[in-house]
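The two complexes that follow have subunit A in common; it is paired with subunit B in the first and with subunit C in the second.
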Partner chain A sequence: MKYIQLSHGGGGEETNDLISDLFYKYFNNEILLKAEDAAVLEVENKIAFTTDSFTVSPIFFKGGNIGKLAIAGTVNDLAMMGAKPLYLSSSFIIEEGFSFSELETIVISMRDELAKSGAKIVCGDTKVVPKGSLDQIFINTTGIGELKSTEISAHNIKEGDSILISRDLGRHGATILAAREGIELVSDLGSDCETLWPAVEALVEAKLNVKAFRDATRGGLAAVLNEWAQSSEVCIEINENLLPICDEVKGICEILGFDAYDFANEGTFIIAVAAEDEEKALEVLKRFDFSSNAVCIGTVSSERPKKVILHSPWGSRRYLELPKGELLPRIC
Partner chain B sequence: MKYIQLSHGGGGEETNDLISDLFYKYFNNEILLKAEDAAVLEVENKIAFTTDSFTVSPIFFKGGNIGKLAIAGTVNDLAMMGAKPLYLSSSFIIEEGFSFSELETIVISMRDELAKSGAKIVCGDTKVVPKGSLDQIFINTTGIGELKSTEISAHNIKEGDSILISRDLGRHGATILAAREGIELVSDLGSDCETLWPAVEALVEAKLNVKAFRDATRGGLAAVLNEWAQSSEVCIEINENLLPICDEVKGICEILGFDAYDFANEGTFIIAVAAEDEEKALEVLKRFDFSSNAVCIGTVSSERPKKVILHSPWGSRRYLELPKGELLPRIC
Partner chain C sequence: MSLQLKDLYDSFREPNTIKALSQQIKKESLKLKEPLYIMEVCGGHTHTIMKYGLKQLLPKNIEFIHGPGCPVCIMPKERIDHAISLANLDDVILLTLGDMIRVPGSKTSLAQERAKGCDIRPLYSPLDAIKIATENPDKKVIFFAIGFETTTPMTASVLKIVEKKKITNLYFHINHVLVPPAVEAIMQSGEAKINAFIGPSHVSVISGAKIYSPLADEYNTPVAVSGFEPVDVMESILMIVKQKNEEQTKVEIQYSRAVTLDGNIKAQEMIAKYMTPRTHFRWRGIGDIESSALVLREEYAQYDAEKVFAEFLSDEPIDDHKLCICGTILKGLAKPSDCKVFGTACTPNTPLGSCMVSSEGACNAYYRFEEI
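Showing the complex of A and B:
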């Protein structure tokens, strides 16, 4: 089996072979193996439920690939609700002629990324479409998590809260853009793509007064902060000076005329926390490699409710608006 | 908004507009409106969890469209486990330039189909990809249902059980094939696409000794019966004479050289039931329009374990094999 053929998606013998040789092999778990038309799960209490389709191009990029992203993305959406990721579905739509070995690489990345949160893939679907009706491969993952805190919500942010960011901004967007534009960087700029649950779990277990979590994916930091300002009817004031952005990301933004605040991230999250727990939250975040440079970037006020204000290093201020227009297609 | 643009999938202002004007408008429910990165659900006991991506072409066909199919397909996968469909996610991947009014028609069909089972869409995702990277629109739906019976499984079928079919075979496959080949039929042949939960619920509530349900989707009747014969290590003997296939489907199979047993159905299910409850099960099925012609097509024996035997009207017999080879791409 060197290339994926239409028959691998037909529901007959070849589909069964693909499932055994690839999905059962790497996603191997009792629930998946027993699943018939659906998997049977036992869950307790309240659950979180989220879905995401991944269409990123190129499918392999520095720091990850579409498979790693498909797991981290959905697991992170659960984590951002304070929910422990438990069960995922995975649905592949594959273009006829796609390389089996590339598909295997993607599936292995998914397995490795699942291990970081302990979530399991328990059901799936595979469609193969004729050459030309899809560019390479799209993956949908849908996840179920167990809510560990019911206090976390974009509606709970109050005046005086601190706004933290787990790491430097804009890496995923800049990496994909550089790959597409053929910009060769001498540096090791790569996507921040990562499963955030370990840090979120530690923050929840530390019983800090966390108000909200949000990973800054499509729409970037600008989208998250505007949504929070709207939902909680507060003003969020950010100190531009404190925003961590690496030189490579700054350079790509300058060359191509983008704003790093709008760039998608895939392993970077924003935390709204009561001011008295700010230091403790930063201590917890610094325990993890992917958030070892976590920092406070601003505070919540009542200055201009529903608005995000950016304070420049030169004392000027401007609104940070919700991104508008074409942004970057197929970024995730 | 006449056409879907890349900015509708960018995560910024236009994405928010699309969500409000379309998805919130038609899928309107408290859980969806409150959902942030994930929806919060309360579920009890055991749940069933299933996913399916829909890539059907053409997207509008006689008897349905990709939206109706995306709801019926996932709801039916839950129903076939004896699970009451409760919550669905929906994820749209849309080609740039897709017509807004066609998207609205699809979404309205989804809403109408949801009403037949009472399931709700509680979370979603929208991606827009550049013209040419996808043919029109693909939809993933992933569903959660509450198990109403834990006795239903492809592993529970025993010698002596009766095999029933809810209606005539092959309509969905024949309809799509006819549309693609430009075969104009004077008749009203259309897809069987339908939500099966009402009939399944009635069968479960009647407390009949049902062993297994399965909708004969990709791979058709041949795939279902072979899977059952394998899983339960029994022989399934089918009387070809009793298999309901309408003249139009027979005609299309003859013209194009296909076998109706391999054709996908989207609202036709097979029931394995203890012989003593066969008549009662047929009575229940006949209460519903979409299964008013339900009929017994064979029995389970120990003749050739793991095999499906087809008895012809002329007394000959042959194995009905698992479909192999290319079948029909983008049938669902």
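Showing the complex of A and C:
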């Protein structure tokens, strides 16, 4: 068994071995292999730029691992601005004694996830810290994407628009929670972790009147809708019985007292689209496996600006508030 | 076909059933001679009423008064300070249930102490206490046990295992409280205008529905022992309205799926083996109530954190922030929205009073599920 040692982060021979045996091997591309102090990039249009750090625990979970998440997370942030993901950096902070083969598994997942959007890792860094300084491994990725649409913004949503969701809610949060709490399920509930760019690209290319995209990560659907209602000064009205939630997620919510619309997702996005393009947008989404169950969950009104209203199937209604307090740390 | 979790709740959230019950309640309520002030004793019911928007489905002459049935909300500050003092002792792991972590004591909260480095762990199941104590033989593991009759048998079963496995590093700080003395205290004060009760089913699964008989008899109030799903609560309200119209005052069991008159005798025996009523317990906002909580029996003193660590714990009463009206809310004399600091100085992130902390607290439920 090979283990990561402090010397792997020391900048000497062992560091070089780690870089060539692992990172160059799997992230292999011309810009990276030049091994300069900084990558030199060419981009034609306006760019989108984002960064995210990944600290999820456990690092391996059903439906993914920290590496897959580190790519999908940053690539999705770019995609949500209508930007084609192009270049990523990746920084690893690794605890001394971490298994080399697990690191390789993580790096292979990252390579596979990159292939879905065509983005490349063009620079990176590796630090190894003494045992006990951190829990196994943290990864930071930063990304640049080329804007394919300048119309996408959380400020653009208007009365009458439709609100769509790409798939069922809460899988990532429920999966991590179940793993963390040792809840054994008689099912194969897994994280929804996925690169969303292919569907976003198709929606942009279809020239639909899309107002905004946002992936429902930490804070879940409740956070996205409240942020949109605030930014665009509109009221978003959601029908509770239209919210797609699988039985396993419902069950975990029941047992532990959570609500699926507060749970984190890592491959689920919300789309605000002009009502006349709702059907066309759903058709586009249904072409992709990860969004084949996309549905409309509500509409935008002027009823109570800056608020989100949840309608129950029996005719009562209430505000859907932002999740508060300590829901769950280290979800991503 | 196996039973799935959703089979247990789907039909109790069935929209047409809820609508039909709403219609029936509205029809029956036309015959009411006086407005109905129903105290839902348990915070779980407050949560159901607010989350599912049930108030909007009821006529104007039926109102809810939110009761003291939230174990976090009724915990006086001096006992939260106990937990904080215990957590700060050397080589201690303090265990407790979810919301206790955030509730403010006199100066700080367990969450703040945890951030400073104290080993404080929330439990989803009290049985995890056994595992943590076994895995940390060089630590003193203290279980800060909270809850009404519902959670008490779990604590008793942990004690049973501790005794059997001869575990010597697990201690118990018992804060188990009892529903009937608290409700009796509120009614005795004569201030509250309550004229009916919804009793929590889970308490009666353990203690039986009979615990409410004295209440129904003495104060002429109908009681419905209710489940926690929207259909359960609506059906219970219908039962109460019908009782009122028929001038009856009895204890009815809506949650017939698991509640009997006598309850779970085995669980009651197990509790009685390890615990006995305290002479008195100070309820936050309500004050001292005789025999309203439990304490470990003398023969289990070696497990009793209050005795073992007595030199570090003070029982000096500490009152609430002067702007906080949690006490008045717990008595059913005010609504959260009557409080000056509700939603401004006091929010779930910065709670001044305990009713804002727990998801079962009336203020928290009003804040989260604000009505339109």
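By our rule, the second predicted complex is superposed on the first by the 330 of 332 C-alpha atoms of A that agree within 3 Å, B and C clash if a C-alpha of one lies under 4 Å from a C-alpha of the other, contacts with A are read in each partner's own complex, and residues count from 1 in each chain.
Rule of thumb we're sticking to: contacts are C-beta pairs under 8 Å (C-beta built on N, C-alpha and C of every residue); 3 or more make two chains touch, one makes a residue touch a chain.
Predicted model only: the values in this text are computed from it and were never measured.
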| item | value |
| --- | --- |
| Which of subunit B and subunit C A:122 touches, first, second, both or neither | first |
| Comparison of subunit B and subunit C by subunit A residues contacted | B |
| Touching partner for A:181 - first (subunit B), second (subunit C), both, neither | second |
| First, second, both or neither for A:304, with subunit B first and subunit C second | second |
| Which superposed partner A:254 touches (first subunit B, second subunit C, both, neither) | second |
| Which of subunit B and subunit C A:14 touches, first, second, both or neither | first |
| Contacts of A:78 with subunit B and subunit C, given as first, second, both or neither | first |
| First (subunit B), second (subunit C), both or neither touched by A:319 | second |
| Subunit B and subunit C contact sites that coincide on subunit A, given as residue numbers | 324-326 |
| In the complex with subunit A, residue positions of subunit C that touch it | 4-6, 9, 15, 18-19, 22, 50-54, 56-57, 101-102, 111, 124, 230, 347-349, 359, 367-372 |
| Complex contacts: residues of subunit A adjacent to subunit C | 181, 241, 247, 250-251, 254-257, 304, 309, 312-319, 321, 324-326 |
| Sites on subunit B touched by subunit A in the complex | 5-7, 9-16, 36-43, 45-53, 55, 57, 76-78, 80-81, 83, 87, 89-93, 96, 122-125, 127-130, 132-135, 138, 140, 142-145, 147, 150, 153-154, 214-215, 217-220, 223, 262, 264, 322-330 |
